[in-house]
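See below for the structure under consideration.
By letter and in written order, the chains are A, B, C and D; residue numbering begins at 1 in each of them.
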Amino acid sequence: SSNFFLMAGPCAIEGEDMALRIAERIIQITDKYNIPYIFKGSYRKANRSRIDSFSGIGDEKALKILRKVGETFNIPTVTDIHESHEASIAAEFVDVLQIPAFLCRQTNLLIAAAETGKVVNVKKGQFLSAESMRFAVDKVKESGNDQIILTDRGNTFGYQDLIVDFRSIPQMQSFNVPVVMDCTHSLQQPNQATGVTGGKPQLIETIAKAAIAVGADGIFIETHPEPAMAKSDGANMLQLDLLEGLIDKLVRIRSAIL
Amino acid sequence: SSNFFLMAGPCAIEGEDMALRIAERIIQITDKYNIPYIFKGSYRKANRSRIDSFSGIGDEKALKILRKVGETFNIPTVTDIHESHEASIAAEFVDVLQIPAFLCRQTNLLIAAAETGKVVNVKKGQFLSAESMRFAVDKVKESGNDQIILTDRGNTFGYQDLIVDFRSIPQMQSFNVPVVMDCTHSLQQPNQATGVTGGKPQLIETIAKAAIAVGADGIFIETHPEPAMAKSDGANMLQLDLLEGLIDKLVRIRSAIL
Amino acid sequence: SSNFFLMAGPCAIEGEDMALRIAERIIQITDKYNIPYIFKGSYRKANRSRIDSFSGIGDEKALKILRKVGETFNIPTVTDIHESHEASIAAEFVDVLQIPAFLCRQTNLLIAAAETGKVVNVKKGQFLSAESMRFAVDKVKESGNDQIILTDRGNTFGYQDLIVDFRSIPQMQSFNVPVVMDCTHSLQQPNQATGVTGGKPQLIETIAKAAIAVGADGIFIETHPEPAMAKSDGANMLQLDLLEGLIDKLVRIRSAIL
Amino acid sequence: SSNFFLMAGPCAIEGEDMALRIAERIIQITDKYNIPYIFKGSYRKANRSRIDSFSGIGDEKALKILRKVGETFNIPTVTDIHESHEASIAAEFVDVLQIPAFLCRQTNLLIAAAETGKVVNVKKGQFLSAESMRFAVDKVKESGNDQIILTDRGNTFGYQDLIVDFRSIPQMQSFNVPVVMDCTHSLQQPNQATGVTGGKPQLIETIAKAAIAVGADGIFIETHPEPAMAKSDGANMLQLDLLEGLIDKLVRIRSAIL
C-alpha cells in the first residue's frame, strides 16, 4: 500500500471485551481507507511515575487478550516490553515488540527483542537525537533482525513539556526503516506535581497532520471509547469517535504528498 | 484567496538589480499558483554575531530599492526595524514592518511600529512561548493598530540548535491574527564557534510542509539565486530555482486540508 | 580587593528616598565586608511582557536620582539602556551602562554604549552560549572600549523556566573580563499565563553560593525593603533585611577558594 | 562526620589489580580529609550507545572484585543494576545498589533494589525534574526500605549537551535523603556522531565546587590512573593524580558553609 499505517489501541489492556470492541471499530475505519493496521495495547505499565498507578490486569491475562484480538481480526499486534526476559514471552503472543523510549539504549533489551525474530519497534528516547537512533538500529540488525520500526514521541523541553522535532522523521528514514509518529505520548506534559502526567489531546491532529505531511510512514495513536475513564494515560488518548475524522484528514494529506 | 501567502526575498538588500530580479522570478511563481506575495528584504542587519559581518548597503539606498520593487510590481513589501526611531522612516518605504524575534518584547519598538498604521509582523522570540505572544498582539492593538501578523522562527533548544514547535501555530491563531512559519531562520544553528550562524537548508521543505499541513496562513522563505554568494545568512537561504517545486508541493497540501 | 564585587539595588528607580535608603543600607554591609559596590537601578523598564506593566517614573527624574545616589555615597552606579540614542544620555548620569540580555546581539546598541567610554556590562542572552559572548566583547573592544563586564542571567529551559549553567562563568572569564552572576533574573519563571514573570526567591542563596564557589567576580542582586510592594519584578527581589546574612555566607566561600 | 562523602572509582571494573590500586589511593586521600568513602565500579555497562562498546569483563568476575575491594579496605561499595533480576545477585557483593538515570522510572527495578535491604542510590533521569524524584523515593520507601540516596547527573539541554540545575540539590534534600552530585556524567556531551559520548573533564572542578557550596551531601567522581586508556567513559574521568587537589578545595568550601 502507498498509504501510511496505523498503530492504535488503548494505552493498557483493561479487558477482553473492551480490546475487541476498540479493535473492531478501528478496523472499520482502516478497511474503509485501506490503511494497514496494527493493534496496540500494553500488557503491563512498568514506568508509571507513582507506585500506586495502575500497572495492568495481569501479564498473562493481558497477553492472551492481545493474541485473541490478533486472531479474531487477523491483524498484527504490538506490545511493549521492559526487561530482556519479557521478550520471548511476549513474542509468543504478539507480532511487534516495542521498546519504550526510556529504554531505547538498553542493549540487552534490544538484543533480546531482536532475537525473537519479531518486528522490533524502538521508540526514540526523549533525550536522544534522531541521529543517535542509528545505533539502536545497528544493535537490532547486528543481532540478525532487519525488521525494525523507529517511533518518535517527542523531546525533553524543560521539565514539564515535550516538543516534536519533525526534522527527526527524514533523519530516521535515512536509516532505511519505517518511521512512526506517536501522536499521543509526544503531547505529554511530564513532571507534573501530582505524579500523573498531563496532556493536550486537542493537539493530536496538529502533530498527526505535520507528521504525514513530512512523510511519516506510520501514525501511533492511543484511543479509548471514553478517555476520561481509562485506567492509564487518559490525559492524551483520542476519543475513539474522533478517529475516523482524523484519519480522513490524514489520508487526504498523504495523497497530496505522493 | 483561500491559499496561503508568501513572504520571500533575499536576506539583505544587496542591490537594485538583484532585488528586482528575485521579485520578478517569485511573482511568476505566485501568479501561477494564485498566492498573495509580499517581497521581503532587510535594509540593515543589526544583530549579526560579529561586528565585521555584512550589515547593509546603506539604509536609504536599501529602503529606496524596497519601494522600487513594490512600485514596479505593485506588490507589498516588508522590512525589519530595530529601534523605535526607524519605524516612521521605514514606513515611508514599505507596507509591513517586521519586529525581529530578539526584540519582540521591546514595548517602545512595538508601539512605534503600530503607530505608523502599517501592518506589523512580530516574530516570536526563540525564548518565548506562543501563549506569550498574546501580549505582543495586545501592545500593537492597544496602540490603535489591528493589522498584525505573528511569525514563528523556532525555539532555543540547547545552545546550538532550534526546534520548531508546531503547536504554536494553532495557539497563535487563537489570537485571531494570521500566523506565518519562517522556514529559513527556524533552521539556524546558532552559537557556532565561528560567529557565523549555520543552517540545514535541506530541511526547508520539511518545515514548510508541516506548517502548511497544520494550517499556517503564510510561509516566510529567504531565497537567493546563489545562496553561497549571498552577503548574509547564506547558510539557510533556498536556492531560487528550487522555489517553484516547493510551492507546488505546499499548494497541494493546502488543498488537502481545506 | 580580592573580594567579589556587588551590583545591587531595586529593580526600577521608584523614588529618591527609597533609592537613597536602599543604597545606605547596602553600603553598611559592603563596607563591613570590604566589598566593592555598584548601585543598580533601572530608569525605565522597556521590555515588560504587558503594556500596562510599570515602566518607570520618568527618564530624567530617575536618572537624576541615580546621579544623586552616586554623588551622595561616592559609589559607582549602573543602569540599563535599550536603544542606541539612550547611551549618551544615560552616560551623563551613571558609571556603568548595562545591555539587557534580549539586546546583547544589537550591534548599534553595543557600539553606542562602548563609545561613551563608560564601563559596559553586557548580559548574556538567555538564548546565547557563553562562548558566543566573545563576539559581544569584541564589538565593545573594537569600538575602543576595554572596560567590559559580562553577566549571566540563565538560559532558556523550556518555555517557563531558566537554568543557570555554571560552566559559563569560567568560559566567559577566559575572555579576560570580570563575570557577574545575576542571582535575581536567573530565577525568573518566564511565559506565565498572567503576563507577569514569576520567580523562586528562596533559591537566590543557592545560585549565589554556587557562583562564588566557581569563582564569579561579582554578584548582581535586586533587593527591596518590601519586595511584595515593589513596582516591578517583586517576584524575585531579595528582601533587604536578608542581604547581610547572604553576603556573610558568600564572603566565607570566597575566602575558601582563594 | 560533618563532611561530605565521596563515591568514586573507575567507570567499569577492568580488573582486580587496578580496582585495588585505585581504591587504595583514594583511601589515602579520604582518610587524610576524614571523608566517608564508597568505592564505585560498574560490573556491566548495559546502555552503551553502540553494540561494540566495551560492556564488561564478565558479571561474576567483576562482582567478586567489588567484594574484594570492600573486604580488603573495609569500605562500602556501589554498583549499578539494569534489570530487576540483577538486584538480588548484586546485593550479595556490594552495599549500595545504583539505579541508572535512564531507568529511574522503572518501578520493578526500584522495588527489586529496595527489597534487597541494601542502600539504593537512584540517579535522577536527565529528563526528570528534581520534584519528580519524590516518586522514586516513595517507590523505595513503600517497598520497606528507607536507605535512599539521590544523585543528580544533569539535564537534557538540546541534543548534545547537559546542564546541571543546582536548584535540584536543595529540592531533592527536601525529601530527607542525602543528595549526591555526579561530577562525571553531568559533563557528558551525548549524541555525538561517533556513538561515543564526549565530555569536558576540565570542568569537573566547577561542578564539584558549586555542588559543595550549595550543600550537596556527597560527590560522585569517576577516576582512573590514565583516563585516556580506560575501557569506557574515558572522556570524563578525572585523572587519579588530580583527585587530592580537588578534594582539598572542596573540603575548604564545605568548612565555609557549615
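By our rule, a residue touches a chain if its C-beta (ideal position, glycine included) is under 8 Å from a C-beta of that chain, and two chains touch if they have at least 3 such contacts.
Here the structure is a predicted model, which is why all the values come from computation and not from measurement.
Student: Could you run down the chains that neighbour chain A and chain B together?
Tutor: Common neighbours, chain A/chain B: C, D.
Student: B-C versus C-D: which has more C-beta pairs touching?
Tutor: If we tally the contacting C-beta pairs, B-C comes out ahead.
Student: Distance-wise, how many Å sit between the C-alpha centres of chain B and chain C, to the nearest whole number?
Tutor: The answer is 33 Å.
Student: Round to the nearest whole Å and give the separation of the Cα centres of chain B and chain D.
Tutor: Once rounded, the distance between the two centres reads 48 Å.
Student: Just curious, how far off is chain D from chain C if you go by their C-alpha centres, in Å?
Tutor: Using C-alpha averages as centres, the distance is 37 Å.
Student: Do you know which chain B residues sit against two or more other chains?
Tutor: Those would be 155, 157, 159-160.
Student: Which of line, ring, star, complete and other names the graph you get from chains that touch?
Tutor: complete
Student: Per the contact definition, I'd like the list of chain B residues that touch chain A in the complex.
Tutor: 155, 157, 163-167, 169-170, 200, 203, 206-207, 209-214, 249, 252-253, 255-257
Student: If we count contacts the way the header does, which residues on chain A are in touch with chain C in the complex?
Tutor: It comes out as residues 157-161.
Student: Touching chain B in the complex: which residues of chain C?
Tutor: 46-51, 55, 82-85, 102-103, 105-108, 111, 125-129, 131-132, 134-135, 138-139, 142, 155-156, 159-160, 190-191, 193, 195
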